[in-house]
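The same chain A turns up in both complexes below, where it pairs with chain B and then with chain C.
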Partner chain A sequence: MQPSPLANPLATVAQLETPGSQLDRIPPDLEDSAHFAGARLTQAAGILLRLPQEVVAQAIVVFMRFWVGPEGGSLAEFGAEQVSAASLYLTTKLSAYPKSARSLINVYAYLASLPTTCIGLEQLKGKMPETCYFVTEGTYERRRTTLFTTEQRILRTLGFNVHVNLPYTLCITYLQALDIFTHPRAPELAKRAIAHLNTALLSPQFLYLTHQPPALATAAIYLAAREVGIKMPECEWWEVFDTDREELGFLCVGMLSLEGFAQGERDKWEGKKCPMSVEDMEAEVKRRREVDG
Partner chain B sequence: MASRWANEEADKVEEQRRKKDKEDKKRLKLQKQQEAEAAAQAAQEADSRPAKRRRLSNDNEPSTKSTIPEAERKLLRFEAGGWSPCRHTSNFETLNHIEEGSYGWVSRARDITTNQVVALKKVKMDYAQDGFPITALREISILQKARHTNIVRLQEILSGDDPQECVLVMEFLEHDLKTLQEEMSEPFLASEVKTLLRQLTSAMGFLHENYIMHRDLKTSNILLNNRGQLKLADFGMARYIPSSTTAPLTQLVVTLWYRAPELLLGTTSYGTEVDLWSLGCIFAELLTKSPILPGKNEVDQLSLIFSLCGLPSEKTWPAFYRLPNAKSLKLPREHRHANLGFNRAKFPFLTASGITLLSSLLALNPNDRPTAAEVLEHGYFKEQPKPKPSEMFPTFPSKAGQERRRKRSPDAPKRGEVGAGIKAVDFSSIFKDREEEESGGGGHRLRRPFAVGYPFCRLRLVALVGSWTATDRTRSVNDCASVICFEICYTSAVYLYSRLLLGPHDLLHLCPLPSFPCAGDPSLGERDCVGDLERVGDPGVTECRGEPECAERGRLGDLVGDRSRDRLRVRDRARAGDGVRDGMIG
Partner chain C sequence: MATSAGTTPSQGLHRRFKGCSKIGEYEMMRKLGEGTFGEVHQARHKVTGSIYALKKILMHNEKDGFPITALREIKLLKMLSHDNVLRLEEMAVERPKAEGRKRAILYMVTPYMDHDLSGLLDNPDVRFQEAQIKCYMLQLFKGLQYLHDSHILHRDMKAANLLINNRGRLQIADFGLARHYDEAVPQRGRGNGDAKREYTTLVVTRWYRPPELLLQLRRYTPAIDMWGAGCVFGEMFKRKPILAGQSDIHQAQIIFEMVGSPNETSMPGWDELPGAEPIRAFPPHTGNITQRFRELSPVGLSLMKDLMRLDWRKRINAIDAIDHPYFKEQPLPMREEDIPHFADSHELDRRNARGQKQALPPAPAGGTVGGGPNGEYTGSGPPPQGWQNGAGRYGGPQDRGPPGVDRAPRGGYDRRPPPYEHRPPPPPPPGEQRRPNWGNGTDRHNNSLPAPPPDGRHALPPVPRYGPNDGDRRRGPPAAGGGDVYIPSYGADGPRRSREPDDRAREDRPRHGSRDSGNSREGYTDERADRGRGYRDRDRDRGNDSRNFGRERRDGRTRSRSPDRRDRDRDRDRRGGGDRDTEVYRRR
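Now for the complex of A and B:
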C-alpha cells in the first residue's frame, strides 16, 4: 500500500498503556511533567537556533514517540533534556537547516542555566547570541558523545520512524477550502488554529501520536472558529476532512484541557526545576518517597 | 426479412426484461441500503452513548445538533502503521554475500521466523564527526517514503551487537543490470529495452514528483527480478530538492560515467536533469550492452561526451560559459562543423524516434532534456516493437545467489563530501591543439574525400596526425559515402586529441571503437551473423538481434533495391550515417 502523505505512524493502545518510564516506577505525574518540560525545552532551543516551527514540531513528535511503549525510553535511563537535544539534532540533520553539535550543546547549556524549567518562550526571542560558548572543551566532548549515543538510541527505539507529517499546511488548505479567508477576522482564526496545533504538541495525551494530521487540523479550526466567533457551515463540515464527530470531540477536549494542564505545571515548578536529567529524576523520586514516608 | 423482424421482436422483449430486472435490482438495493442504515444508526447510537456522557462533562464539546440520520458517510482512514524498536540482526541468517560496495556490504539472507529471503545492506558507519551519518539517514528516510513498484522496498532496519551497526532489510532481487549485462551474450531486445526503460523512468518520475533526486543512477544500482520487474536501488546519494535555489549542492555526485556535463563543469545549482542525463546513459548502455561513456577521469569524461553529443555553443547552451570549470575549457573557434550534434551513427539499430529520445536525454544543455513524464509519453514506446510485457521477460540465471566476481567500474563519489573544498577541474587540455590546427594546415581535411572501404581505426589515426597521404592509396569511388565517413572521423579526432594529450600510450588501445560500425570494420562481420538469433517479442513483430529496425530497412530497400546483399550492407552503413549528426548541412 502506498502510504498516505497525510499519515503518521500512530502509537498502539498497548504502547500508550505502558510507557517505558512506568516500568521503572517513575510516578506518572512526574513523567507527564518531564515530557512537558522536555517539549517546551525543545521549543525554546528551536527559537534560539532560529529554526522554523515545522522542524521544532517534528523534533517534539520524535521526542514524544521515544517515550511510549514498554520498549520505549525510560526517564530512569534517559534525561528529558538529553532526549530533547538529540531529537532536535536528528531532526535538523534531515531538514534544510542542519545545526552543528556545538551550537546545539551551547544552546542547551544556556537554557539549563536559567533558574526555571518554565521558560517563557516570548522572552527568549533574540536572546542568547549563538556565538557565545557556555561549556568548556571537556564538557563539550562529553556532551557530544552523549548526544550521539542518544541519537542512536532514538533511531533504534523508533525503528528509524523519524519522519513526521505535520498538520500546519493542511490547516491552511482546509481554511481555504472552507472559504474562510473572505472573512475579515480570518487571519485571527488562522493564527488561533495554528496556536492550537502548537500547544497540542505538548499534550500529555500524546495527541500527535494518536491522531492523524487531518483530524488535528480540523479540530484546531473548529476550536479557533468558536473562539474567534466565525460561523462555520451548518452541516457537518468536518466530515469533508475525514474527521468524524467522535474524534473531533475527543480532540477538542484534549486541546482545551491543555491550558489547564500547562497552568498546573507552571504552578508546580514555579521558580523550581523539573528534573531533566537521570540524576535529578532519581533524586526527585527519592525525595518524594521520603516525603510520603 | 421475416427472421429479421423476429429478431427485432425478440430484442424488444429482451430489452423489457432487462429493464424490469434492473428495476428489481434497484429496489432491492435500496431496501438493503435502508436496512444497513438503520443497523448502522442503531450501532452508532449504542456505542456513542458512553462517549456522549463523556462529552457532556465538558461544555466545550462540539454542538451536536440532532440531525436527521443520514446514510453514514465514508470517511477516509489514514494508515501509516506504527513503530517498534529495531530487531536484532540475529533474526536473519546470511545465505551468501552479494557485493561489497563503496558504502556498504550487501548479502542475501533469510528471515529465520518467516523464511522470507531478503537482501541485507549493512551500512558502513563513519561516526566521528556528526553522529549518525547523514547519508545513511537520508537513504533510509527517502526509501521509507519512496514506495513505488519500481523502487526497491525497504522493509525494516536492524541493529546489531555493536550499537553503531545498522542494516537495511530490502526485498531481494535476483539481478542488477550491470552484472546481468556482463553475463549476457547479446544485448537486450528492443522490446525489452523499452520495458526496462519505462519502468526505470516511472520510478524516476515518482521520485521527481516527490522532490527527490536520485543522483547515482547507473546499471549496478538498478535491480531486476526474474519476473521482469525492475526496481531502482541505492539511495545513498539521493536527497530532497532544496526549496531555495541559493543553497549550493555538491557537484560530486553521480558515478563518473553517468555524470551530466553540467556537474563535470562544476555547477552547484542543478536539478532533476542530472538524473535524466544518467537515464540517457543507461538507455544507451541497454542498447549496446556496454557503458556508453566510460571516461577515465573528468577530463576524459567530458571529451567523450563532446565526441558523442557534439560541442556546446552559445546558441545551444548559453549558460555553458558561465559554469565554473568552463573557463579552463577553450572551445575551438566557430568553425563550419562546430556543434555537429548527436552522433547517431553509434546507434545504427535504433529507430529515428529512439534516436530523438536518446539524444534529447543526452542533451548537453540540461534545459533541453525532457522530464521523466515526457519520456514516458514519448512515441518511442508506442511504435513497434512494443514494450515486452514483464511476464514475458526471459529469465536469466541469477548470480546474486552465489559468490561472484565483478568487473571494476568507477564508484560513486565519496559520500558526505561537501561542495566546498572540491578542486576545480582543469579542462584546458581538451582542445589545446585543435584551434591551431583549425587555422593551420588542418583545414584541408574538410575537402579530402577518402575511402569508405578503409579500415576505420586507421582512418581515425590518420585524422589524428593530420596527414591524409596514406588514404590516397585506398581512395574510393564512392564520394557520397566518403563525406559521411569524414564526419565520423572528425569527432573521433576530437576524441583522440584529448586522449593524446592525456598520454600517447593510450593511443593504440583506444583507436578501434567497435561501436562505430563501418564497412571494412572487423566488428561488422560479427554483428551481421547474430541475425539468426531471433526471439519473438511483441506478437506479430519478429525481432532480430543485430539488424536495423524493419521500418528502417524498408526505406533502404527502396533505394538500393537491385544491389546485391553485400553492396546493400555497405550502403546500409552509408545510409545509417546519412544525417549522422543532427543539424548537419550536407
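Now for the complex of A and C:
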C-alpha cells in the first residue's frame, strides 16, 4: 500500500448521513450554522495567531472531520468553539508554527468578546476594550484542561488521521500546466481560485471531506476562469487532473452556493450569536422548542 | 491516513477515515516488555486472529496536551508504508472505565516482530552467518532509502530499533525522534547532499552518533542515519556495539581512533564546527578499522569505510549502499525465507533464562549502566563507576544500549522509554499489586514514593548553553559531568526526553521570527489584558441542568457509540453538582 501523497481520507456516505449531532437531535440547520461559524472562528483565530493559511486550512479540515459520522463528535457534547480551538492547537503543534495553549486561549477569548459570530476581517481590525477578553488564571486553567481533553477526543475520533493534503499548491501547479500564467490577467485568476479554495473550507457540505484535492483545485480553477473571463482549453481539460465532469459540476455548484449560504447565516444571526458552546446550543434548542410550541 | 491496512482498501484516491478501534477488539496475550514507559503487549486481533504488538501511550498531566513526540511518530508512521519500516496498523483506544481513570489510554498497534537486533545479538545461541548479515543490511538500506527519499530523518538508528521477525524480515522502528527533512533527497552516486536548514544536534543515541553531530554540525543530512547503519553493520559481526563511548567526548575519541583523526581531506571543514575545540587536543590517529574488522573481506571493509566516512558529504547514501559490490560477492545475501529461526528473544523469556539477575535493585542516582569503556563489559559484575551521563540505571548483561539510554535487561520491544509515556500512570486499581521494579525506575510510577533516584532525574540544573532561551525549561537536562565538556549530556532523562522538547524549542520556534512573535510560550503574559470578566464562563456557569443536556435525547438512540458517555452520565449523576474542576474534566 502506497498512499497517494495527493489524497485525503474521505468521509463515507453513511458517515455523512448520520452525524453525531443529528443523532443527538440537534436541528440540521443549527448544525450547519455551528460548523460554519466554527470554521470561520478557526480562520479568524488563525489570522490573529499569524498562522499561514496552510495551517489554518488544515485545522479547519480537522475541525470538520471531527463532526462526521455516528462516532463523530456531537454538538450536544462539544461546543463548536472548543473543537475549533483544539483543532487549531493540534494542527499548529504538528506544524512548523506551534502556539502555546495560552496564546490559543487568549485569542479565543478575544474572538468570543466580539459581538458577532460572523467574524470578518473588519471585526479583526477593530480593537475591543481590553476588559472584554481578560482571562483569569482560574479560567485559563479550566480552559486549558478543556483544550487538552478536547484535543485528545479529536485525535481519538479521527483515529489520529490528522494529516491533511491541501489543494493550494496543486492549484498553482495546474495553472502552470494549463499555461495560464502567460495571460495578463492570470494573477487575478489565481487569486480567485485560491479564494474559492478558502471559501470551500467553510462549506457546510464538507467539500474538503468529500472530494480529493485535485478535484477541489480543478473546480476552483474552472470557476475562477469563468469569473475572470479567461478562456480555457476547448477540450475536457479537467480530465487531466483526475476530475470528471460530474464531480466538477457538483463542486462548482457547491462552491457557488456558499455565498448564498453565508448571506443567509449573516441574516439569521444578525444581532445575536450562533451557539458556540454546549450550553448555548442547548439554550437555543430549548428556545426553538418553546417557539414551536 | 488509511487507518487499517487490513480492512480498508487504501489505494489511490479511494480512502476513508474512521476512528480508533477499541481495545476490546484485541485480546491481550502477554507482556513483551515493561519499563519506565509503560508496557508493550502482544495481542491477538479477535476477528482476524493476527498477532500484533500494542504499545501503550501514557498521558497524564501533560503540560502541552497530547505529547508532540507521540503525535509526530504516529503521523509519520501513518504516512509511511514500506516492507522495511514498522507499520502502524492503527490506534486502539481503551475507554476509561474505572472511577479512578479519567482519560482514555491509547495504544499504537504494530505488527508483532519476534526480536530486536540488539536482543538477538545478545543471545548467545544465535550466530549470524555473513550471508544473513548481508540480507539484514540490505533490508536496512532499503528501509533507509525509503525514509530518506520520503524526506524523513530517522535520527535514532541503532540495533535496538531494528526489529526482526522469524521470517527474516527486518524493520526500522521507533520514530519518536524522526522528523521531516526539508532538503533535497540523496541522489545516486552523490553522497547525502547538503542541508540548508539547521536542525538540533541533540539526536541519535551516543554509541551510534556520527562525528559531525559530535562536532555539533547543525546542518546535517541523511548521512547521520548512514553512520548508524555502519555501526549496526559492525555490531552484527562483533555482537556488541562497536563504538561504545562513555561520554560524548570519549565517543569522538574512539571514533577517531577507529577511522583516523579528522583533517581537511578526511573531514573538510571539521575545524570550523562548533564542537571542534576539544578535538584538537586529541593525539593524532591513523585509524585501526582495517585491523579491527579482519573478519571482513576487502569489499566488505570498503563498505564499512564508506559508511564510517568522516566527511558526511561523501558518506555513502542508502541508494549506493544497496548497489555496493559487497552484496554481489560471495557469499551472496541470503533470501529472507532462508534465514534460520531463532528462539524467541523476548524480555520475559530472556529474563527467565537469566535467572535472578533481573531482580537487581535500582542503581543509585547517577549510577552506571552496562557496557565498558570500549564496550567490552559483559555484564558479569557491576560495571565500572564514574560515567558522567549514564542513564543512572543498572543495565545488566542485556543492556546493550549506551548510557543515556534507558535500557534495562530485556529483549525485543523493550528498548527504552519513548519520549512520551513518562508520566506516572493512574494509580493501580485497589487490590492490584504494584508492578515489580525491574531496576528500571518503575518506582517513579507510584506517586506516593519520594523523588525517584533510580531514574536519576534529580534536581540537576539546566545547562545554560542550550540556546538563547534557557533551552528546555520543562525538563532541564542535567549538567554534563567532568569529562563531558563540549557536548551537553542527555542526563538521566534518557536521550529522547531531554532532547525532543529542545528540538522543538530550537528548530520550530526561533526560525519563524516574526510569525511567532508574541505567541511563543514565553510571550504569553504580555498578551493578557486588563482585568475583567472573560467571555462566557461556560465551565463555571454550567449547572446540573445543562450537564444533562442531550442525555435524555440520547436515550433510546440507536447508534452504537459511547459506552463512555453512559459512564460519564452515570458518574455525573452520582457526583451531583460536585467539584467543579473535576466536573469539567470529566465532561470533556
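The definition used in the following text is that the second predicted complex is superposed on the first by the 282 of 293 C-alpha atoms of A that agree within 3 Å, B and C clash if a C-alpha of one lies under 4 Å from a C-alpha of the other, contacts with A are read in each partner's own complex, and residues count from 1 in each chain.
Simple rule for what comes next: a contact is a pair of C-beta atoms (placed from the backbone, for glycine too) under 8 Å apart; a residue touches a chain by one contact, two chains touch by 3 or more.
Keep in mind it's a predicted model, so treat the numbers as computed, not measured.
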Side-by-side fit of chain B and chain C on chain A, or clash: clash
Applying the document's definition of touch, where does A:R156 land relative to chain B and chain C: first, second, both, or neither? both
Which partner does A:D29 reach: the first (chain B), the second (chain C), both, or neither? neither
Name the chain, either chain B or chain C, that contacts more residues of chain A. C
Of the two partner chains, chain B (first) and chain C (second), which one does A:A112 touch, if any: first, second, both, or neither? second
After superposition on the shared chain, which partner residues are touched by A:T243: those of chain B (first), chain C (second), both, or neither? first
Using the superposition on chain A described above, determine whether A:G79 touches chain B (first), chain C (second), both, or neither. second
Chain B versus chain C as contact partner of A:L256, first or second or both or neither: first
Once the structures are superposed on A, label A:Y89 by its partner contacts, choosing first (chain B), second (chain C), both or neither. both
Looking at the overlay, what does A:V135 touch: chain B (first), chain C (second), both, or neither? second
Segment of chain B intruding into chain C (one of 112-120, 436-444, 454-462 or 526-534): 112-120
Using the superposition described at the top, list the residues of chain A that contact chain B and also contact chain C. 1-4, 6-12, 65, 69, 71, 89-90, 93-94, 96, 98, 101, 147-149, 151-152, 155-163, 212, 214, 242
What residues on chain A touch chain C, complex-wise? 1-4, 6-12, 18, 20, 23-25, 49-52, 65, 69-72, 74, 76-79, 82, 89-90, 93-94, 96-103, 106, 109, 112-113, 130-136, 139, 142-143, 145-153, 155-163, 212, 214, 242, 277-282
Seen from chain A, its contact residues with chain B in the complex are 1-4, 6-12, 15, 65, 69, 71, 89-90, 93-94, 96, 98, 101, 147-149, 151-152, 155-163, 212-214, 222, 236, 239, 242-246, 248-249, 252-253, 256
Partner chain A, residues of chain C touching it in the complex: 1-3, 5, 10-21, 59, 62, 64-66, 68, 71-72, 74-75, 78-79, 81, 90-91, 93, 103-104, 106, 504, 508-509, 511-512, 514-521, 523-524, 527-542, 546, 549-550, 553-554, 557-561, 565, 581, 584-585, 588
The residues of chain B that touch chain A in their complex are 48, 51, 55, 58, 60-62, 64, 67, 73, 75-86, 127, 130-132, 134, 137-138, 140-141, 144-145, 147, 156-157, 159, 163-164, 240, 242-244, 247
